[in-house]
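Common to both upcoming complexes is subunit A, partnered first by subunit B, then by subunit C.
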Partner chain A sequence: MITTKNPHINYYGHQPGESIENREQKRSLSPRANTARELYFSAKSSTSMEFPYWYTRRWEELEGEIPIIRRAEALKAGFSHLTPVIYPGEILAMGKAAFLRGSYPMPWLSEAFFMAAEDKLYKEAQESGKLTADTFTTMGKGGGNVTTSVGKVISIAGKFGIRVEEMPIMLEVAKKWKDKSVDDVGHKYEQLVPGYSEKEALMRSVICMFDSGYTLPQGREVINYYYPLQFGIEGIIANCKESTAAVAGYPDMDRLYFFQAVIIMLEGLQKWIRNYAEEARFLTSIEKDEKQKAEYSEMAERLDWISAKPPRTFHDALQMIWIFHVAVLNEDAISGLSPGRVGQVLYPFWQRDIKNGIINREQSLEMLECMRIKFTEIDCFASMGVVGGVLSGNTFNNLCIGGSLKDGTSAANELEMLILEAGITCDTPQPTLSLLYDENLPEEFLLKGVECTKIGTGYPAWINNRVAMEFLVSNYGHEGLNMEEARAWAIGGCLETSPGSWMPLELDGEIHWIPGGSAPATSVGVHFLNLPKLLEVALFDGMDMRTSQRIFPSHGYALDTYEELWKSFQYYFSRACHILTLTNNVQHDAWRKISPSLINSMLKPDCLAKGKDIGQMGCRYNTTFNIESCGTANLVNSLAALKKNVFTEKNYSLNEYRKALLANFGYKTAQETGSYSLIDQVPTEQYHTWKKIHRQSLDAPKFGNDDPFVDTIMKDWEDWFCDMAHNYRSLYDQPMYACQISVSTHGPMGAVTLAGPDGRLSGTTFSDGSVSAYPGTDKNGPYALFNSATCWSHSKSQNSQLNMKIHPSVVKGREGSRKFLELIRAYLRKGGFHVQFNIVDSRMLKQAQSDPEKYRSLLVRVAGFTQYWVELGKQIQDEVIARTEYEEL
Partner chain B sequence: MEELFCKDCRFYLPVDVFTGLCKISKKSVIPDDSGCEKSEKSVKCKFCMNFTSEREYLGKCMESTLAYPDMNAIKCEFFKWIERN
Partner chain C sequence: MDRTKLIHGTLFDIQGFSVHDGPGCRTLIFLKGCSLHCAWCSNPEGISPYPEPLYQISKCTFDGLCIEACPHHAIKQNLEHLVFDRSLCSTCNTFECTSACCSGALRKGGFQITVDTLFKKITRDRQYWGEGGGITLTGGEPFTQSGFVQALLKRCYETFIHTAVETCGNVPWKNIEPCLPWLDWIFFDLKHIDSKKHKQCTGSSNHLILQSAAKLAISFPGRIIFRMPVIPGFNDDSDHIASLCDFILSTGRQEINLLPVHHFGREKYNLLGQTYYTKEFNSIPHLEIERIRSQMEMSGIRCYTGSETPF
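Moving on, here comes the complex of A and B:
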């Protein structure tokens, strides 16, 4: 049995005290933001058909029109008809749909997954393996999730509620997209890729988690707010009209249609904004409270102004970037659209307002808190496998602070200090914060970051500025990205290093170089590959033993040596990358033809200059497809256990191991116990048959302990993976790269994987991230973990991910803060790319699991994002509880 | 005169699929609650002359285009009241 003194929790150091330790005292948020957050807490994720109805109606009217014009007109119809909703006390208006946590289906991307289970479309999707991940995903049962249908509300994907009045129209509209959606058209043509059946087998076995072309075709990137901030909407329209005149009739006519499409789309956005202004005026007319009346009136005036002109103040600018953020989110199913370095982008406006006495710090803080609430309200409508199994309900709007200015000096400023303060006072999941650590950042700024992390928000995540820039120059250098441009980078999504550009914002005659994203989605392609499952398939010569289905043809190796085992794994991994790259390229091609990006394209340099959208490589940098992995530590630990027990010490034959894995080492499966961490598993009567081999598997060297035996395996894997990823070519004929984040996929991917040679049991969740140790196996302290994690060069990959859980008492007070900062520095100075923390007593999480209603506001860090505990699925909750809790550093 | 529910009132502010706020009183209301004396019809397809009901929750706009009765038509250029209140 696996036991500790404190059952079901893994500790490093000593056992904690008797009573549960709370996090350090939080500071309170402004009354306005508090009211907004309380309303948020009461609201459920809700979906409506307004936008898709008008989009589809206009699309059908324009049969035969140039596709990008048809798309622009459809978007214009959707935006123009959205019902404006403004909540009392709001100072930042507008949202995705006519609910607080509103979202809507986009059947032009995929129409099948939200159909009722008995519907034919749904059955077809299931047969092709597209929905298998849904079956193995657990959704959070509390918070804003509509987990079951009740009364006149129908639950979709265990998260979204739709009114029964809108269900028939949803099905009717969805059916109009059958054989026309990106999903269906992509599927039709991906079947022409030789060996296609292997792709379906990979999806059915959940070796691959999902297709990216129609699920989340955009996101994991950094938005760019420059053009609207500098020129305003009318300025951009005027620019497009000039460009139209310059290209009309000349070769490369796609530019003409692109400029026309941008104009049409922007007219739709203007109508959308003005509809909100009109609603604000209506509210002014019925409001009795004079203060509120004045605020509605100011809002109406501001929205009218922004619908045409560039912002005049910080408040205008913040409202404008929010509008464009939502606008992009409404053009596609998107997760991980990061606002990027907002503290740099808005600093010139803020600085001017402070200087002119237009705003003070208290008002700024309130505004930033309200911005946090608006970002937290964002939902992304997607299937359960995507929204639960990958996103855990999060939408990954990552705001970066710190880093460098264009000239390489520290970028930290007063506004970023206020952004951190708002992250402390208004602790919400969005936008999550990432601190781009550089040695030249001021100590005061870093300690403020530590103060924020310490209260248990999970943010800021700590990111290595230099390692990221090295990756960017290496990956995008052939497209012209140099070191100066690399400094404009930010995190896109949870942890995707994304290139940016410096844009010249002119304010009062002075140029301010502001950073913003200048690439499309930096994380599309092969998503995600289940590494332990691929090893399992290699051990069973191409078979998925859970389903008894063949995935690959026999690899032909006898597996008499460790080297043969490694080669068989490499062979299957490469086969998976090959077929999935090609099929995803087909899907993304369907996406760019049927549903091209217009709003995001318009924002991104250099689409307007080139007259090309994102799908036509209009962006400055386009080397953006990747191969994502999941379960790294379990793969490495399993290889180490087999190397030791089978090939070096010969304690067992490979056949004996195979039998032990099939028998789950004599334990019940996680699905049977309903618990997904190793420490909670329950033995069967056959346990004694497998006790010894299980013990020796658990005792084999484990990653995270500065042990060269296993760290060498880690380095071999990383060096190989990061290099081989470049062998695959994206739709844009650019080399792909390695991406190593698990998000939430380690839950469902663990659920479909048999017991592993590392001693992990069937169905239990994998280790998170890519350099996190498996829960309970890092026994030599944090610095040993750091040595293991940095045994390879992180600049070879788009990212790496390290999660740590620390008891609040360890970092308490000022001394604790200093000690904590030194710990973070030690890792980043060793070349670690990223580290993030849960500062929490695990016993509190256990309590929250059994009594969720008392913990509605409890936040935890998962893997690149912070989420409300109650909105996480049990697979992930169990894994977070099981993570090693450090009682000393 | 047919019964008006809160969700059909122009002063209804939807929070989610279960609840909303009254724009006048700022109080929480249930969408399926009966309207009060201050209720006024919201601009919805079911109150439009161009809408024809065909079956439960579905119908046609101008006898040709698919539509649904509960859709807000506040920004619809084709909307014409059957009877305002």
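Moving on, here comes the complex of A and C:
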């Protein structure tokens, strides 16, 4: 018998097989990329004060100057003073800072959070409830994270190392921004929003995780490389000079300052690039090895050229988009700046080089591998709560392949095949790949995608092109987005559907329509609402029972019926959305005034045409604010359990349930056991009092099993949420929409939430994503899960997220690839927006947990992205292990 | 009223997205009850035709709830675990014990389902199979529930669903024959060609099995793939392989799928309170499988190993 049915004996277990199943044989990467990757592995996340010091110094010098000019000059000073470092063997140069995994704090956004815990500023911040999320987030212990101070290196925010001699500068610079940073100014004015104290209560209870305006004010968007590729930096400067002349003295004078600011900023970038060229020339002069010498020399020539002119070759173009990518990352605290559809953008250059014999496929592959390493080196400096709790150290530089051309035909091309191949040979976490699935993509391309998914890197994620376009047309139609323009979309950040535009790239007199982002940051607005916690607060009439603090006034419902329970939840959810929308709008207003975007604004259509930066709605599309949720499956399962056990079958009163939840069903808390997975929880002596209600809670219908009892609750929630989100309006007076990705917040948010009516125990991690089942509760296989997941229309939301773990044996071999594709295709055809897979063996993961260094290169896919296993927090590691495996040996 | 609506089958699982048991992605239906009792069986919960309690000691809290609840007094507490009088359990259809259990240690293995309900699930799964999918009945021995199987296959066949069955062949011809018009595909298990040896390890002679195989080979127009679990020291010697090849060729069919013995079913023996014997059979080295494969190929039989069967 080949078909062993594995004993799904309990919710969380399965019987391991004999040996550890290895992923299918991988192909090796080029020696050049391998050297770079080894270098990356040995590098630690490091931070330095170079950029912030010069930025702050120039900013202070220009007191009284027009803010946007002051900002441009400060950026210019920062870029001009970054120490250039070039590593041997590099063919793509430049990075965020002088360290390989370098980044730096931006005290002009928020100065308090990176201070040492004993520092007064930090204490003040903690008291106002802002930093609670940090205290509930665990950081991955291995890899390049500097989690503890060693020798002369001090650990800050649980991840970054800084030289001890730079600490005084850091504190000095930080103090200069006290009461002037976006955080402080925003905080001053957000308190004027009526009912502000409720917002602080929400943050303290971690019903909401993070403010939006000063944490990561940009990102979760798609960059646009068109202008530099077409005109070069000199061309853009010339254009800005013409525009200056056209607007000087006319009404709407802000345009004048914007064009001037762009020019100043670009001069700073030129200096920065030329400093690197200078360094390359210096290296040429001292290098003995002839081959390396030639490479340095070529690099110096290339950088000099790019500092002024548009690219001549694919190599130039790749170097140029990398430079602009880093430049944008250096102007703000950003995660999720997606390069977008690089395979479309660079195709005209590549195709021409191939035709002219300038480059071959092997060289292209090597270059793309080096590009992957470069993107992997990106670090984002933010507080531990943001870096660990939201990002898991990942920076979400999502690269999209597939999708449609401007005319709606298949966009897959040979360069994208090579991008996939580089994803296979060089399995680094960045850039993560998303395949925009469309019915007209060729089978060969799709099977290549499957091959890549099968190596266990977790990418490409499979995304539904049609569903995304439907979402865009219905949410951006009022701004003029039509079907043709919708085809230019890409994933911005982790999984955020982002609008794009078609740009006319002219090469040798021929127009190539290339897609690029044309909207500002998304996943700004209301950050991550803790749905199960909101239900808990509704059950306890407005109280957070973990801290015994009141969050909301009494909702006034007796909760005699399920409908009343549902209404009380809706009431509190709406209240949270209302206050958080207003306070975050205030923060974003402070951001656009103090720290307006210049580099990203310059890149995004139609800022240069309008003469307005992103904060002044310079972009073509501006409806990007959203409301994010976390813990959907736990909310829905909890509602289902209460509906069944309290209101339908009346097995228990609501009061009995409240007592059981407060008693954590007789179990120790997750903080006591040190594990955040339900499987490892330990009962106390009180267990016998609660075992029956706990069992009946666990046995209540669970989402993910094609059970209408609970799936209709899911649909009710989704239909309501997706519609009500439009009732809130962003800073730019646009309706907001629902965004349903948990990223990594389901760990820390679960940590502050009591036991749930669904049987989940106190402090344990929630389900991830928005249509993933709670670990171990989807007991009827993938098809039943698919049916549940698509019980509502995914085009109503910016995204939905389904993560599945699959054992390698299920999809082994050529036949396995074909059948795997059928599985993916079936879900997307049914209307699923996103599905991604961990092809991994859970025993392998457990070994990796106890022996992290041996698994240094093991990649795991969690909640919309890929990360090295050893760099995930323990909460997330536990959750990945527990997730059901579809193991059918 | 349609008679088939009333026919119940006893299953122990339904699995979607199975990729090794027929063309395309398939839904596997595991039927309970088997007329063999192979020592290496990896689905021991499929042997008894009745639903039965599955007991996981590690989760048990010994609070006696199941003992109190059982109306047949079939459960006793030993020093370290519970003991079930499984002869009493096989007559039970109420399973008070599993409903009473709060620890999750007790679970009911097997359930009854009507053709109608099962067909609804198949219709759901059908939208996800993609090209060339279908259902495969396995178990247990599907043909022990012939009436149910016939009704189910007919329903599927008539709605253009590809149907396959995996059988050990140890069932009367009258159980098999009425199902044949509604079948596209048969996997037919052969364990040993020598009747005495067969009886030693499966509890039954192979008389009926060889007869069924010969009859099927003539009367079934669809594809038949033989399957042989490769059990080291039992059926892997070259003499046995030679006689097996002779038999297969004598049927006129020529495809076989070798399945190396594995131990993934081990935990299930504990759940059933049974002793696991398969550990006496070592895993088979890849080279050995290759040896058998080439011997079969030499005899003119198309031989596939593991999951590599071309469908």
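Everything below uses one rule, namely that the second predicted complex is superposed on the first by the 872 of 889 C-alpha atoms of A that agree within 3 Å, B and C clash if a C-alpha of one lies under 4 Å from a C-alpha of the other, contacts with A are read in each partner's own complex, and residues count from 1 in each chain.
Heads up, the rule we're going with is that contacts are C-beta pairs under 8 Å (C-beta built on N, C-alpha and C of every residue); 3 or more make two chains touch, one makes a residue touch a chain.
Values in this document were obtained by computation on a predicted structure and should not be read as measured data.
Once the two complexes are laid over each other on the shared chain, residue contacts for A:H688 go to subunit C alone; subunit B is not touched. By the document's definition of touching, of the two partners only subunit B reaches A:K152; subunit C does not.
In the superposed model, A:Y296 makes contact with neither subunit B nor subunit C.
Touch criterion not met for A:Y676: it reaches neither subunit B nor subunit C.
Shared-chain residue A:Y783: touches subunit C; no touch with subunit B. When the shared chain is aligned, subunit B comes close enough to touch A:H81, but subunit C does not. Residue overlap on subunit A between the subunit B contacts of one complex and the subunit C contacts of the other is empty. Here subunit A touches subunit B in the complex through residues 39, 42-47, 49-50, 53, 57, 80-83, 85-88, 98-101, 144, 146, 152-153, 161-169, 172-173, 271, 275, 283, 286, going by the rule given at the top.
Chain contact summary for the complex, subunit A toward subunit C: residues 1-7, 9-11, 15, 17-18, 683, 687-688, 691-692, 694-695, 698, 706, 780-784, 786-787, 809-813, 815-816, 819, 821-823, 825-827, 829-830, 886, 888-889. Note for the complex: subunit B touches subunit A at residues 11, 13-19, 21, 23-24, 26, 31-32, 55-58, 65-72, 74-76. Those residues of subunit C whose C-beta lies close enough to touch subunit A in the complex are 12-21, 24-25, 27-28, 30, 41-43, 45-46, 54, 56, 59, 61, 63, 101-104, 107, 124-125, 127-131, 133, 138, 166, 189, 227, 229, 257, 259, 262-268, 271, 283, 306-308, 310-311.
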